[in-house]
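Heads up, the thing below is written out as structure tokens.
Should a chain be cited, it is by its letter among A, B, C, D and E, assigned in written order, with residues numbered from 1 in that chain.
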Amino acid sequence: MRRLTPYLLALPSWMWLGIFLVVPMAAMASVSLQTGNAIDGFAMTFSFSNYSDALGRYSTQLLRSLLYGGLATVAMLVIGYPVAYWIAFKGGTRKSVYLFLLLLPFFVSFVLRTISWNFLLSDNGILFGTLKGWGLLPEDFHVLATTFAVVGGLTYNFLPFMILPIYVALERVDPRVIEAAQDLYATRTAAFRRVVLPLSLPGVFAGVLMTFVPATADPINAQILGGTANTMIGNIIQTEYLTNLNYPTASALSFTLMAVLLVGIFIYARALGTENVLEAAAR
Amino acid sequence: MAELNAIELEDVVKEYLSHGEVVQAVKGVTLGIAEGEFFSLLGPSGCGKTTTMRMIAGFEPPSKGLVRLHGKDVTNVPPNKRDVNMVFQSYALFPHMSVWDNVAFGLKQRKTPQEEIRRRVGEMLEIVDLTGREKRRPREMSGGQQQRVALARALVNRPRALLLDEPLGALDLKLRQAMQIELKRIQREVGITFVYVTHDQNEALTMSDRIAVMNDGLVEQLAGPREIYERPATAFVAGFIGTSNLLTGTANGGVLKIGGGRVLVPGGDGDVTVTVRPEKITIGTEEPAEGLSAVRGTVAEVVYLGTYNSYAVSLADGASATERSEGANQARHLGDDRSAARGGTIITVFQQNALDATATAERGDSVWLSWQAQHSYVIGS
Amino acid sequence: MAELNAIELEDVVKEYLSHGEVVQAVKGVTLGIAEGEFFSLLGPSGCGKTTTMRMIAGFEPPSKGLVRLHGKDVTNVPPNKRDVNMVFQSYALFPHMSVWDNVAFGLKQRKTPQEEIRRRVGEMLEIVDLTGREKRRPREMSGGQQQRVALARALVNRPRALLLDEPLGALDLKLRQAMQIELKRIQREVGITFVYVTHDQNEALTMSDRIAVMNDGLVEQLAGPREIYERPATAFVAGFIGTSNLLTGTANGGVLKIGGGRVLVPGGDGDVTVTVRPEKITIGTEEPAEGLSAVRGTVAEVVYLGTYNSYAVSLADGASATERSEGANQARHLGDDRSAARGGTIITVFQQNALDATATAERGDSVWLSWQAQHSYVIGS
Amino acid sequence: MSTRGTRLGDRLLHIYTWIIIVWLSSPIAVMILFGFNDKKSKSNTSWQGFTLRWYAELFDISDLTVALRNSLVIAAVSTVITVVIGTMLGLALGRHRFRGKGLTNFLVFAAISTPELVMGASLLSLFVSGNVPRDANTIIVAHVLFSVSFVVVTVRARIVTLDPSLEEAARDLGATAWGTFRQVTLPSILPGVMAGAMLSFALSIDDYVVTSFVNGSTVTFPLWIVGAVKTGIPPQVNVMGTLIFGIGVLIAIGNAVAARRRT
Amino acid sequence: ACGVQGQKAAPPKADAVKDYWAKQTKHGKVVFANWPEYMPEDQAPLKKFQQATGISYEYKEVIQENAEFFGKADPVLRAGQPLGYDIVVMTNGVQLQHMIDLGYATPLDHAQLPNFEANAGQKYKERAYDPGNKYTVPYTSGVTGIAYNTKYVDDDITSIEALFDPKYKGRVGMMGDAQEIGNFAMFALGIDPEKSTEADWKKAGEKLKAQRDDGIVRKYYDQSYIDAVAKGDVWLSMAWSGDVFQRQLAGEPVKFVVPEEGGTIWTDNMLIPKGAANPVDALMLMDYLYQPVVAAELDEFIQYVTPVPAVQDLLREKAKTAKGKDKKALEDMVDSPLMFPSEADYAKLRSYTPLTTQQEQVFNPIFQSITQA
């Protein structure tokens, strides 16, 4: 009985993840090697060329997605770290309140937030319209339909997922270790650079993981905030899947995307010197 | 203070604001610590030891008063510019750095040449006997080893003084004793001023040149171990350091009548409090000679302690003698004076198991206790 | 074992699989603990004390051997069905429950009537002197108070035996001493068998009726405190319990020539190891009388320890005497035999500060050490 | 001097933190504001005066009401399932050694790092080929899938810091395995469980991408909004967003007050 | 899932259709999936339907784009599962063709469509994509033209060239739908889409690419173009007629024109997806909408081209009794060639390029490579 306990505890999740994650992925892998069209049907032909074709056609969008995802992740890191730092070390008794405030927008739906941005940033909307009215902005100034808007939207939407893990890591840093560094002649900056920052790296790692992946694959921000040259791989997969019913291409692209992300994560983990990615990610 | 002290505190006060109330952690401490001295701050939990130490290190600015290091006022100098180093209670080793990098940290911050860093860190690891373990991470080391890394990390900078905040507090008894020996040896070897915080009186007695006994934000007595032990300045000190028997009563011509006997109080007259250490008392069945303090009682309990036996002797009449042992004292600290109440008219006597392994007296025996006049010490307050 | 023991272990072995390797935590322990006894398991860290205790409580099934409680084989009975209760080293109080609910927990599990729960918990809180604090949460109490809650929580179930795993390990020295007194009192009051795990030899000596000294998964000696201290069965026991001087050499007609003197070893011949306790040795400048063991040496160090002075005396010639003090012993445990090497030919002597506060000998003095023949104890291994 | 410098830096960071909070909430503020806009034209884009009309007419758009109710029910149900199975797995990973632990960790990691789009598309293929009609149930399945890992992670973090002797103490005092879990383990890991629950509720209420694949004809709040945005969102959406937001704030305040009372 | 089977359906046998309908009964419930802005906010026509028939309804504005909607519906219908809607509305075009070809549309029982038979205009009974209205009946027709925001555009837009005018750099909205955008590029090039060839498509693609690369296009829109024009994020955009009229009526500064080079006429059609739960109720609703009064009420709101000619007279009658602003609005509607086009008007308008599945696989990538760069 004692021996069985962990298996019984794990069983429901195993089943859930197995049936709804592993099996569909396997099915998708198989579809990605088929050929045909939606009207006449698809057949398994082991055409690995689906991958090269898809990549050939959509390398721009894939690279762009990685770029946007990367830019947004860097932006989140730069913007979010100081916040996590302040809350962890100076938040005092109100830490959880600050964290909750950061999370609050998440209760009103991703799309609604993005739409609100679209509304707020509208060329002649309450913000820019007013400023233009006062002559503070040129008439044709706009933010929407630009790369900036898309990357900004991604940054906005995933920021809390960067802040939370960094906060958790920083909160675990023993303040006495910082004092020890200062005691050993480190200035505040040096103490931060040599002690606090390295100790928070597992949090940074988790944060990057939790933001880079969804940001890179996200179709919504490009769709709502982007313009003509901001199409991301997520939009392409959506089009191929839903509009063109080109399931093999859509599947091949999905797998390529996941593979690229995974490889990226492992390289990144290496660079950080994290021996065990899974563990770091799990923490 | 005539010569230049390594460390001087002048009427230092530290107040914290906690939930809107002002808490005085340190209420006015003045002290000077000489160059090369092994100086201990001893006192119960919450008496202000750590706070005092942190003001010396520069982590907390004093609310009032001055801190001087080698004659220089450093009250407003940040910790990284003070020529003292600290060893933290929990070591505060950098968990992400190897032993070597931990020890080299301070030198690197001061931009010491690479070559010199290598040499000095190597030497220091030699001293703390960790050569060959340079590459390990702190968590891969035992508590005692971590302790030595923390020590090396501070000492390698050749500070003018080393501050140690309960450096052995987290170790178990055996290991603590071993490290006490090591610490003493290292201090002798490097010849640096040590300021040592502890709440363990044995530790303080064994190691220190001088001890400041603190209580409630104030220094109650500052003296060498022997003086602190033999001549406690206050009842608090008497009770906190070792076991003490406190006898109170009205002396008459240098004699305090008590427990069917007499306590000689040279020059004592009127209401007095007298302390006698348990090891000064001789237990016997014969009535003692004239020149000694002597009281009668019944053995209530004998505890075998290996090196010595401890006798609890209940005095013959209900004299107001109080055993002020560690236990009772501590119990009172807990806001629980049950044990103290039980103590009643109990006197504790230690007798070394020198000659015979069996006790000289058994539970229930009627005995005489005696000690020399000079060992009754009248305390100030 | 003729009468019914409260607890019996019969050749109990416990093996763990750790990183693919089999680790024998307990290598074969057989012992019987009598009803109402205060029984201690004493030994260094990692020797298997906790493991032994956990097998008694039922948290770990033994790999081999039997566990009997009151004659009944319980080897395969789960902990919630065993009539013993445990007090954990870290107390393991339920942080989300009040003191009352913590203490009532066990009774509720056994569906004791509400009324009885109220009565028994009330009584127990009375015994541990926590009446009036029923509503507090554990973290709102001091360490000593938490300790007593843990005790009450176990005792209220009136177990046939109480298992205590280093219950005082987390307390500071003063508080530990106070709680030792309390524990003894409570055991006397409730009359239950106590099995007590500790690595503190003083604690074991003070409190126990019998002690099992464990080392490396085995019981090295099982006896009363006095016997353990005065007649250690092995070199390990001698070194672990208190401070011991170990003298080795070749005895000739009951005499071991050493340190420019003689050690009387009644009946000893050939290669022997002899222990002498530091408190048995008299230090003096005169050559001792004939009937005593006597060696010559130089005082290397005097440490003032309040109650007594500790002298380290370096023997006159390079005899193979080893100070086997706690420190040296511990240092060796750390895989560091530096201090031991230093020890060389040092003999430790304790002298109670009974008569005079000043030491009888100073550092550098040439002295005679003497002790009675009966205090040289030839150890088994 | 240095201490003053410190305080200045801290103060700047404090202000900065608030700026970020304001930034994160600014679209919410606009959303709340325009829930009070007395708009006359079809689109709700410029301020035309204050009204409480939309609060009164909150439930006038019946399919919007249905969508919101769907979202709340789906979030509630999927949160319950997620919390139960996620806590179980968190316990297993944090407390036990077992075969396949490494693989399980990988699965948990994989579920977090699978792009939503990929998850949605592959789930849809599964349901279609398995002949499973898509409705609220399939949405719940999907939402549990993408949030379960978060619960596992938070619960496991909590479990590994939980002193195992607490549970042993309960056993020692006569509690059964289940009794121990109920009376000791669960209350101790509750903060982690609650954090996981909050996160999964938020993720569920929030989700568009995955839901859009597996919804069948069931419309959730985000889906409805994406539909409506094409032609301008009615103010009722703002009002509903405001109400959800407001309830969140109330929970936060309640939490903070309770936490303060506890200490 | 090794291989997804194609299933081009054979035309239904008349008997089979009869049998099917013979087995169906009224359930008192209908689920209607439609495009946004195709129903008054108060859903009055549907409420009246409910009162009249006792059939309760669910109305869902879930269709934003034909391709996307079909994309989501296809796997479901392919698996033989119910879509969850009893009526869906799709534009004449490739996706509707697929619905029919794949057998995803339930053949209609004309015996139960008396109002349609009686009131639908002749034009709406003779459509190439669904001869004899076997599967679909029109919901409404409409025109794709240009909408512009009069606050920002002072000129009277008449030519399609305005969409390619560098003057409006970054202020032009185009549609993301391949067929819509393809048509407009071909108009600009003077090509008739209905007769266009692959070479024409490529040329059209070039034209659009240049337009995009010159930064003239701000974004490729779906239904959301209307909000963008109304807000002024884009100043002029491809647009659907009725959407713009509705905004105009609501007082927003938008105007709709059919460029002189041509506009696209399309028809949105109601159909009953295969496996629908309530086909009888669906049929009843479809037929109900063909009552002239109902059609008039609907058209007065959505202002598209109604398939019921009698509406024009009804609205004219109503205009007579109406007052002030309403009167003016109604009169404008009645006279509008974009709500009641004459034969001559129709002649100027074009349909989408008809595409076979093979052609579609050439056509779509050409235009998607523009819109999805």
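Please note the rule applied: contacts are C-beta pairs under 8 Å (C-beta built on N, C-alpha and C of every residue); 3 or more make two chains touch, one makes a residue touch a chain.
All values reported here derive from a predicted model rather than from experimental measurement.
Enquirer: How many steps does it take, at the fewest, to get from subunit C to subunit D if each step moves to a chain that touches the one before?
Expert: Minimum step count, subunit C to subunit D: 1.
Enquirer: Central chain, going by Cα centroids?
Expert: Given all protein C-alpha atoms shown, the central chain works out to be D.
Enquirer: Of the other chains, whose C-alpha centre is the longest way from the centre of subunit B?
Expert: Chain E.
Enquirer: Any idea how many Å lie between the Cα centroids of subunit A and subunit E?
Expert: 37
Enquirer: How many angstrom lie between the CA centroids of subunit B and subunit C, rounded to a whole number?
Expert: 25
Enquirer: Please tell me the distance, in whole Å, between the geometric centres of subunit A and subunit C computed from their C-alpha atoms.
Expert: So the centroids are 58 Å from each other.
Enquirer: When the C-alpha atoms of subunit A and subunit D are each averaged to a single point, how far apart are the two points in Å?
Expert: The answer is 17 Å.
Enquirer: Residues of subunit D that touch two or more other chains: which are they?
Expert: 45, 125, 129, 229, in rising order.
Enquirer: Can you list the subunit B residues in contact with two or more other chains?
Expert: 78
Enquirer: What residues in subunit E touch two or more of the other chains?
Expert: Residue numbers touching two or more other chains: 1, 72, 231.
Enquirer: What residues on subunit D touch subunit C, complex-wise?
Expert: Those in contact with subunit C are residues 163, 165-166, 168-176, 179, 183-184, 187-188.
Enquirer: Spell out the part of subunit A that touches subunit B in their complex, as residue ranges.
Expert: By the definition above, subunit A touches subunit B via 174, 176-177, 179-187, 190, 194-195, 198-199.
Enquirer: Going by the contact rule at the top, pick out the subunit C residues touching subunit B in the complex.
Expert: Residue list for subunit C touching subunit B: 44-45, 129, 142, 144-145, 169, 172-175, 177-178, 180-182, 199-202, 205-206, 225-226, 229-230, 241-243, 277-280, 282, 303-308, 326-331, 333-334, 336, 338-339, 350-355, 357, 372.
Enquirer: What residues on subunit B touch subunit A, complex-wise?
Expert: On the subunit B side, the touching residues are 57-59, 78-81, 85-86, 88, 90, 92-96, 105-106, 109-110, 153-154, 157.
Enquirer: Which residues of subunit D touch subunit E in their complex?
Expert: Checking each residue of subunit D against subunit E gives 40-43, 45, 61, 63, 66, 124-125, 128-129, 131, 133-135, 212-213, 216-219, 223, 227-232.
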